[in-house]
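Letters A, B, C and D mark the chains as written, and numbering starts fresh at 1 in each.
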Amino acid sequence: MTLPSPLTGVVPPVCTPLTPDNEVDVASLERLVDHLLDGGVDGLFVLGSSSEAAYLPDGHRKVVVDRVVRYVGGQVPVLAGAIDMTALRVLDHVRAAADAGADGVVVTAPFYTRTHPAEVARHFRLVADRGALPVFAYDLPVSVHTKLDADLVLDLAAEGVLAGLKDSSGDDGGLRRVVLGAHARALPSFAVLTGSELTVDSALAMGADGVVPGLGNVDPHGYVRLYRAALAGDWARARAEQERLCALYRMVAVGDPLRMGASSSGLGAFKAALHLRGVIDCPLTAVPQVPLSGAETEQVGKHLAAAGLL
Amino acid sequence: MTLPSPLTGVVPPVCTPLTPDNEVDVASLERLVDHLLDGGVDGLFVLGSSSEAAYLPDGHRKVVVDRVVRYVGGQVPVLAGAIDMTALRVLDHVRAAADAGADGVVVTAPFYTRTHPAEVARHFRLVADRGALPVFAYDLPVSVHTKLDADLVLDLAAEGVLAGLKDSSGDDGGLRRVVLGAHARALPSFAVLTGSELTVDSALAMGADGVVPGLGNVDPHGYVRLYRAALAGDWARARAEQERLCALYRMVAVGDPLRMGASSSGLGAFKAALHLRGVIDCPLTAVPQVPLSGAETEQVGKHLAAAGLL
Amino acid sequence: MTLPSPLTGVVPPVCTPLTPDNEVDVASLERLVDHLLDGGVDGLFVLGSSSEAAYLPDGHRKVVVDRVVRYVGGQVPVLAGAIDMTALRVLDHVRAAADAGADGVVVTAPFYTRTHPAEVARHFRLVADRGALPVFAYDLPVSVHTKLDADLVLDLAAEGVLAGLKDSSGDDGGLRRVVLGAHARALPSFAVLTGSELTVDSALAMGADGVVPGLGNVDPHGYVRLYRAALAGDWARARAEQERLCALYRMVAVGDPLRMGASSSGLGAFKAALHLRGVIDCPLTAVPQVPLSGAETEQVGKHLAAAGLL
Amino acid sequence: MTLPSPLTGVVPPVCTPLTPDNEVDVASLERLVDHLLDGGVDGLFVLGSSSEAAYLPDGHRKVVVDRVVRYVGGQVPVLAGAIDMTALRVLDHVRAAADAGADGVVVTAPFYTRTHPAEVARHFRLVADRGALPVFAYDLPVSVHTKLDADLVLDLAAEGVLAGLKDSSGDDGGLRRVVLGAHARALPSFAVLTGSELTVDSALAMGADGVVPGLGNVDPHGYVRLYRAALAGDWARARAEQERLCALYRMVAVGDPLRMGASSSGLGAFKAALHLRGVIDCPLTAVPQVPLSGAETEQVGKHLAAAGLL
């Protein structure tokens, strides 16, 4: 399909259901896509952080993007993460995404290696020039360990290198700077998407175009209601929906920090919730993440019940 | 060949010469291997940080390990970096290294994702259990953004998961803790290798087994003399050699920090030096790194001349 | 005066005007207080980051709090920063603030030393128990290098240890978590104040009680209009005011990053603006900060003019 | 007394014994000084990190420096930490140290505030110009959150601003760069002191002038033997002594990380050891640090016994 310009609305980063053997569970993945489309989402983002892209070997990544693009069949645009250390490695993933028929790619600054703003710019230019897909910059300092500079992002947008920004930095002052900068520079087709689960109403009030919430796997209907309320200018309703989702989001902390890290806990909670809601068959996260215990999974159930989702 | 147990001596991380089109320059790579073997090195480490592993797509990585293993023909052991975000992705690289005939792999803790000591341990166990090669842990906090804990490393060594440690953390107190711990736990076949260019004599005096110096590309003979002097207990000679190499190492700062990052500058200087010494055809580093200017390259030449290498 | 419970509204962190000899310029300080009160602010916060507290010796700090409390004469509450490394040192500043007649103190977690959540809690309890003033926790990770945990803050609020939070972390998801937690725990007298200059409208929409904007020195009237619009539920007007202030805020980047740090540039710009607006006599920041050049000061003037403030 | 130029040898950072009421225990402090002088140390450093300077209010700091300088009576030089955020605050501490008769001060780069190399240089120049004592730069990135650049340190040494460097960065490659740079620039009176407990033999082998080990409180005789062996070129003996001290140093980890931070554990262990050895009356660290439990203190005793110190 043609990518809307700018991309707007709710574009959840799609979890990757796995079998107990750590293979991609395609049937569950397709049910998850149905669940999200039923929620009314405006696009899908596969192979992002919530998709456990960092844990998926290339074979798994290929299955995910191939199957989701084919299954969606153009109903909504599909973005694919092309998460790797530097430009040439990223371009291999961009080619795979293009071959599968994805509508755009999401790309971070270089990581693992030490980098520099001039190199970050060159990196995005290379990916845009040599790849065959629109590029969304992915600002995720918790993983990449550098913050994308607002002026650099806007310069690359003005050059036509970037089609949008997925801002998962948690820095809403910075997000606003990009929104206002895009307006000041007359870049109406540049999409600013927040990766926050918790400040979607305020990001939209600032002028962001859309939202890419990991928690949207669990409750796509909620984020779609939130987005539509904001679009309609019904900020009280948007806030109420957001506050319900903030409470639900606390599920990410169910995992015991003595036993596991934040990824195991947070993504484990999303998958446990999808399992409890009957969407996916197996709640396991990819190795070497640590599985939730039974008691921790029960806590996830309580969060779902409190949010009216069980 | 059979990997010595423990691995000892000078094991340089081999630079990856590139063509102006950013392809692997195999002829230059083979000349570089000759240069290193001529220097008397005890092993080679391909696809590490100094090899620009973070910049090389899988196709380039495969060419490098295939060609170097074949070219070396068992004269010295060849380790290969299997640098990727988590265990399953790493295992793809381990398989490629095993297929090529490498003698061991060098593996970091998970990166990009948030992790936890329990997950780090599980990660290394998976790589060792499912891979077919001895595993050296690579401690490189500047890239990985976590430090490997000495007790965790020793526990994994005692379990047989790890064959050695490449410590590029710059924390020589921590290195010493591993050396003394390996001795206390009677782990004589566990290799502790420092990744420092600047404190090799002292690491060896502490009981480290070997050294993996990026600068060893430029002056393998110097590091071999240093290692042999230390082995002979001639610490005065070791120190003198080390101090000469410390002066030479200052070449890594030739690049203008307004124009480029530390990787472009440091690896650019190593490659410029190899080019000036006639070892490789083209001094370019991989994109999106920024090339050294003519004036910066001249500075590299002055460093070489001062060290008696031109 | 009695501190409102909770404290609400616009409470700017008051800049500390200095003489060319780096002494406190009391006449300018009093004119600045007049300027802020004329703007309609609801309180004043002396000896915070925008006040250059880190640069002021205890003698200067004492002059500032003494003179401002006396000059304000109870028209609005005056909070005083008690910025120091750990509890006993903080308590010396709390005593000075109490002696001067301040209405509350603003205190960070321990810094410089390595700390722990249990020690952070003990620190705040000591300061509250032994000090004679209400305590506001100051979350400023850029300076303190730890983030205050939302649950810890709420626990201390529930215990009566904390009267409020000044959140300058830039993490509006975290701010919201505290706001919602204070509501869920029925802590209506606990004040949540944002330290952001750029997301005040959204923080207030989330339920924050007030704002502590450094830029409020330059344009107190603007922040007061913004706050009052939000209070009246006129979010369109609040947003428009906020966006004007976002543009004005860009003055903090006038300083050349090759010559100076972010503090010299940002606080230098605020003081230059106050000087250009005729409020203070001398725009110098405290040593060892680097003064703005004439050209940089001209840029500040352009920002003022564009915002209608010259 | 006249400060040796350069300062050399073992200069332990003196712990600050406290009463159960958190007051300075002067009698214990004097016994600790006796213990250190009996060990043969070459100088004393009060009010450093191991002295809990970050926890001591100015009144306590004054008691410490006054009493130690008076008690030592010129037998060895006494350095005093002047630990505060920026130059003018530091200068207040420098004046107190000069009034007490200290022989030099130890000063970090600015902290808490955001800073810049130009401001760091200006900071040290101000402290040296306006203070009446020789200035030693204190490189402690774990506390200060910036690393002192080797070239900046050497430039300030060449200007006469700095009398020495206490390097507690743990980066022995950087330490060596300063040592070699001081030699290359012919700065024979500039003292390079390592703050490491674990790599003293190698730092001395590189050419460092002395050592400032926190563990030297517990076993000053050991560090003096180590220093003298190194001075005599008996590296085998130096290494054996160092390895014994490395084992002893593991006491710093006795504290349960679920209950306390690294400062509580490490400084608590040093004080528990001094208490168990009969040097000080009370092992408590300053509030808000968490005290060691009985079981944790027993572990300290086992470390002492294993090192032959009980």
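As a convention for this text, contacts are C-beta pairs under 8 Å (C-beta built on N, C-alpha and C of every residue); 3 or more make two chains touch, one makes a residue touch a chain.
It should be emphasised that the depicted structure is a prediction, and the values quoted were computed from it without experimental measurement.
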Required steps from subunit A to subunit C (each step between touching chains, minimum): 1
Same-residue or different-residue interface between subunit B and subunit D, half as cut-off: same
Magnitude of the superposing rotation for subunit C and subunit D (Cα, nearest 5°): 180
Cα-centroid distance, subunit B relative to subunit D, in whole angstrom: 35
Subunit B-subunit C separation of Cα centroids, rounded to whole Å: 48
Sites on subunit C at which at least two other chains make contact: none
Set of all touching chain pairs, with the criterion as stated earlier: A-B, A-C, B-D, C-D
Complex interface listing, subunit A residues touching subunit C: 170-174, 176-177, 180, 196-199, 201-202, 205-206, 235, 239, 243, 246-247
Subunit C-touching residues of subunit D, taken from the complex the two chains share: 22, 49, 54-60, 83, 85-89, 91-92, 110-116, 118-120, 122-123, 126, 142-145, 257, 259-264, 286-290
